[in-house]
């Protein structure tokens, strides 16, 4: 972190709003675009007040044209702007997948470094509120196999602010995942402008017996699980990835080599996503240190159903993490 | 396989063409659509002759509207047709990602089984011919975290035919990946109509010392590597996945439990794709059996450059598989 | 162009049902009984009733996010059960999608309801496939998609209209122009505030009508459906209307605009005026209102009394033919 | 509307250069010296020369897959080197994209070349961002995208034209209608064989011109660029033209059509006629042809003599600021 000041309690939404406000104030090349982000302040209120402060030129409402929203970011970034788009729900990224994967992510490489694509695409990810199959997905797995893209996923208000500021400053295209289940969560947030480094995990809790690697909302479930485990004498180390691609393998590997046990917890389906990458790397890099197989605690391999009790069944939570840890301790 | 007959030598392209021809002959609900698949017979000649045989109604040229091409498949499948689309290059799937991921893959689930989406999207994947960043990608990693989707990837002419027929018969949405480096490859192909079961791997070569799990073009590199290794007294078992999602974990796990060593070889970038899923599952399921960490032999974590020597550097081949195996043998 | 009084009465009843459905639903949503998000179709009843009147059970329609009412009408008209639309919104096992879809994925192909897609507008290309299949099989059916003005921003609008034209597909585009996409006025989103202007370039019939005048809307759908069913290819209808729901809760539109649409140009009021001009008494209409309201209340009760889906449903139907493991 | 003879001579020279470039390139491709795929712009030289004449170094253009010639002209006119476009096609370190891009990703922002995107038409939305940035910064530049008739099938066509209009962005759409997308005739792909018909609904100036008559094409681009630069928002130009290249190798089009375009309506022949009507001799023009041909041959030689990119380039520039490990 740089130049942190007084610390106050803020929600995750407020923290994001502060980051946008401060980034726009210090850098005239930063501007926002997305659906209903202007007067209305965005579907979740992240851009609230910014239209009044910065005007319609820098806080732009768009049509429902997701491909164009991201395309505009890429083009504007090519000529030195720092656009920050809001895609209302992460599920809609399918509409601009080409722009992110084939254009933004490859821009710097395929033109031999002549262009950069310093853009941020913010979006609301994750389930747990009865949003159904098209408003609840955890989409980082769609992008894990895409070199050139950065995927950031804050778990706390302080990180939401610092990582968003860092993402805007960063010269790479950043997909910035905000978990809907965290928007109302409160936490200490330093005043003023600061950045939290990308690609660096945070050890949220130290422990000697098992490492829980996770991100976003499940960080909180993991910490709650760790409390329960502590009462049983099991000391879990909880690591919050913060950036999921490229991620901080060093910190994870060091922790798992220490504890000898690893649980990887992600909300997305188990097969083929972030959880698989983490389990693979930990298994490969900690071979010989591991006392038990890595356990993936993930969403079930299904779409996300609307009905609340069904959604509860398919998404993982504290109890599933507990079960996962116990499995590694056997 | 069902009802196989006389065996002849055919190319992969011819084998695919036979599957389409036979499937269209036996089932009037099968039809084809895509760009330049009619008179021209497709960019790689897979649909050659079918326009003349089946007419413009069942072999439909489309505009450059990839989203619509897949959307049409979904809609037609909802009312009982079995559409087979050609997306000219796999890289263009970014344009129809939403239709595949949010519509086709979730259709059966989110409407409680009331609809099915028995469609096939065929596409040309893979690099190695100087196609550059937008005509060379291995895209299975984009879809590995998508429940509801089937991803099929044949390595031989016989499988190309049998798996395509099976994909068309199957009631799920199938993404069918044809490797451009295999189109001209020849092999024995049974005459007549037959299907090769989905989600079943093939053991291409038996061996006791190490298991190489792979798919598509790299199957051939792995077999070549196994020949070299055999001369050194190392007997490699080579497994061709054939279906990459959902894949045949049972066969892989049994093999690796037997050999105690595993190399996972994929053309796509290492991080976050199919290779990660395989390494994770093998590490988790074969813990205690593994004598060495699973090794991933993959494309480098970069886009695919145009220049031929650079492309050679970033794509894996026989030598990289050899190096990977030797690493597991240490 | 005057409609039979019996037909007009039925249309009134349908509109009244849509309104009762939406108001009852909104009440339950505010009470917390309905999970997720909710888009309410109050104000757009005439459009929905007009579509329901002409679409058959063996046609297909893709409803948008404000079409609970249309979905319920399709159930009632074609041998289904309107209450199963309500139950779906409550996430119950008795819902048309077994509770797995909710507001945005309520489908029942038996009554022609092919389900919404919460990726707004994605079904603009799906509808082509349905229409193509029917055309290939020589079945004179109509495939309809209901899209909002905002949804017209999606690139699929172009791919869809273009391909519907070149293949002369039996597609009815029913564009519900209620002036806004969430908070964004149509004029700020589109090259033209009149969506037909953007559709005309594709060279098939396009018509803009008053979507709140049930007689006009009914006649327009009738003509469009006849055109399509006769094998003449696609038709684009733009219904000018207005939604009462603001941004989720708050009202953000000019007071005069609100007053005009709620007071002067409410589709139900307009229909009542037309009916009383033809001799129907207010008491008769009140009776209709009371009946449909009672129906809706019973549907709400049915929904509340219905069981949640069984746990096994969470992993059912991911694939046809393969099982997914429960936890 | 008559053009200065000096200007016309320069345009002829430019067209001749484009043709020589493409024919030389095609020859080397057939010999196996150029890897990958190749789309040749022979027949479309007038469009490319007209664009090159009016676009400045500080404008931006997104060239399509047949625009090697336009790319080379932009180099030559704005202080770059045409031979670096050739070298890029050979995948050499001296290419504008260091050999990493090839035919479909040759860029050089110093001369306004923002690079092609091999996902046809994806840059139709990218161009909006460039134009928006300039508009926000008050820079009177033009952002141009060159698209084929086939590419118009993409949904981004709609998203792009719509947003260019609502934000009045300085975008020049240069649509090269050569009658086919690979093997598919424009009439089989589009609601109208005249692409302007589909563009007009967006409410900004759209014009269809003979893309093979350099005087007409030149004047059309001049007018469009002036309109845009003056802050009047987007402009759509459709150039009617024809490509000599068939489907990769084979010819599939009617003989009469081939004859018309190659014999009667070849842009170079037309320009020669116009110039000789104004007194320029065939020998003068032949000299121009010989000069540019010699240039192109030297570029080919330069390309062949250039080194391949260094191995380190394979993993360079994936991310700004982070390294990717080599094998």
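To keep things simple, chains are lettered A, B, C and D as they appear, and every chain counts its residues starting from 1.
What we mean here is this: a residue touches a chain if its C-beta (ideal position, glycine included) is under 8 Å from a C-beta of that chain, and two chains touch if they have at least 3 such contacts.
What you are looking at is a predicted structure, and each value in this text was computed from that prediction instead of being measured.
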{"item": "Chain whose Cα centroid lies at the greatest distance from that of subunit A", "value": "D"}
{"item": "Interface ranked first by C-beta contact pairs", "value": "A-B"}
{"item": "Between subunit D and subunit C, distance of the C-alpha-averaged centres to the nearest whole Å", "value": "46"}
{"item": "Length of the line joining the C-alpha centres of subunit B and subunit C, rounded to whole Å", "value": "40"}
{"item": "Length of the line joining the C-alpha centres of subunit A and subunit C, rounded to whole Å", "value": "36"}
{"item": "Touching two or more other chains - residue numbers and ranges from subunit C", "value": "97, 99-101, 105, 117, 119, 153-156, 159, 162, 166, 188-190, 313, 318, 324"}
{"item": "Subunit A: positions in contact with at least two other chains", "value": "62-63, 65, 67-68, 91-92, 94-95, 98-99, 102, 109-110, 132-134, 147-148, 246, 301-303, 305-306"}
{"item": "Complex contact set, residues of subunit B against subunit C", "value": "31, 57-58, 62-63, 65, 67-68, 70-81, 83, 98-99, 102-103, 108-116, 118, 147-148, 150, 170-172, 199, 246"}
{"item": "Touching residues on subunit A, where the partner in the complex is subunit B", "value": "91-92, 94-95, 97-99, 101-102, 105-106, 109-110, 132-134, 141-148, 245-246, 268-269, 271-281, 283-285, 287, 290, 292-296, 301-303, 305-306"}
{"item": "Residue numbers on subunit C that touch subunit B, as the complex places them", "value": "60, 96-101, 105, 107-109, 114-115, 117, 119, 122-134, 136, 143, 155-156, 159-160, 162-163, 166, 313, 316-322, 324"}
{"item": "Residues of subunit D defined as touching subunit B within the complex", "value": "35-37, 91-92, 97, 99-105, 117-122, 150-155, 181-184, 188-190, 247, 252, 308-309, 311, 313-315, 318, 324-327"}
{"item": "Subunit B residues within the subunit D interface of the complex", "value": "35-36, 38-40, 43, 61-68, 91-92, 94-95, 129-135, 300-303, 305-310, 313-314, 320"}
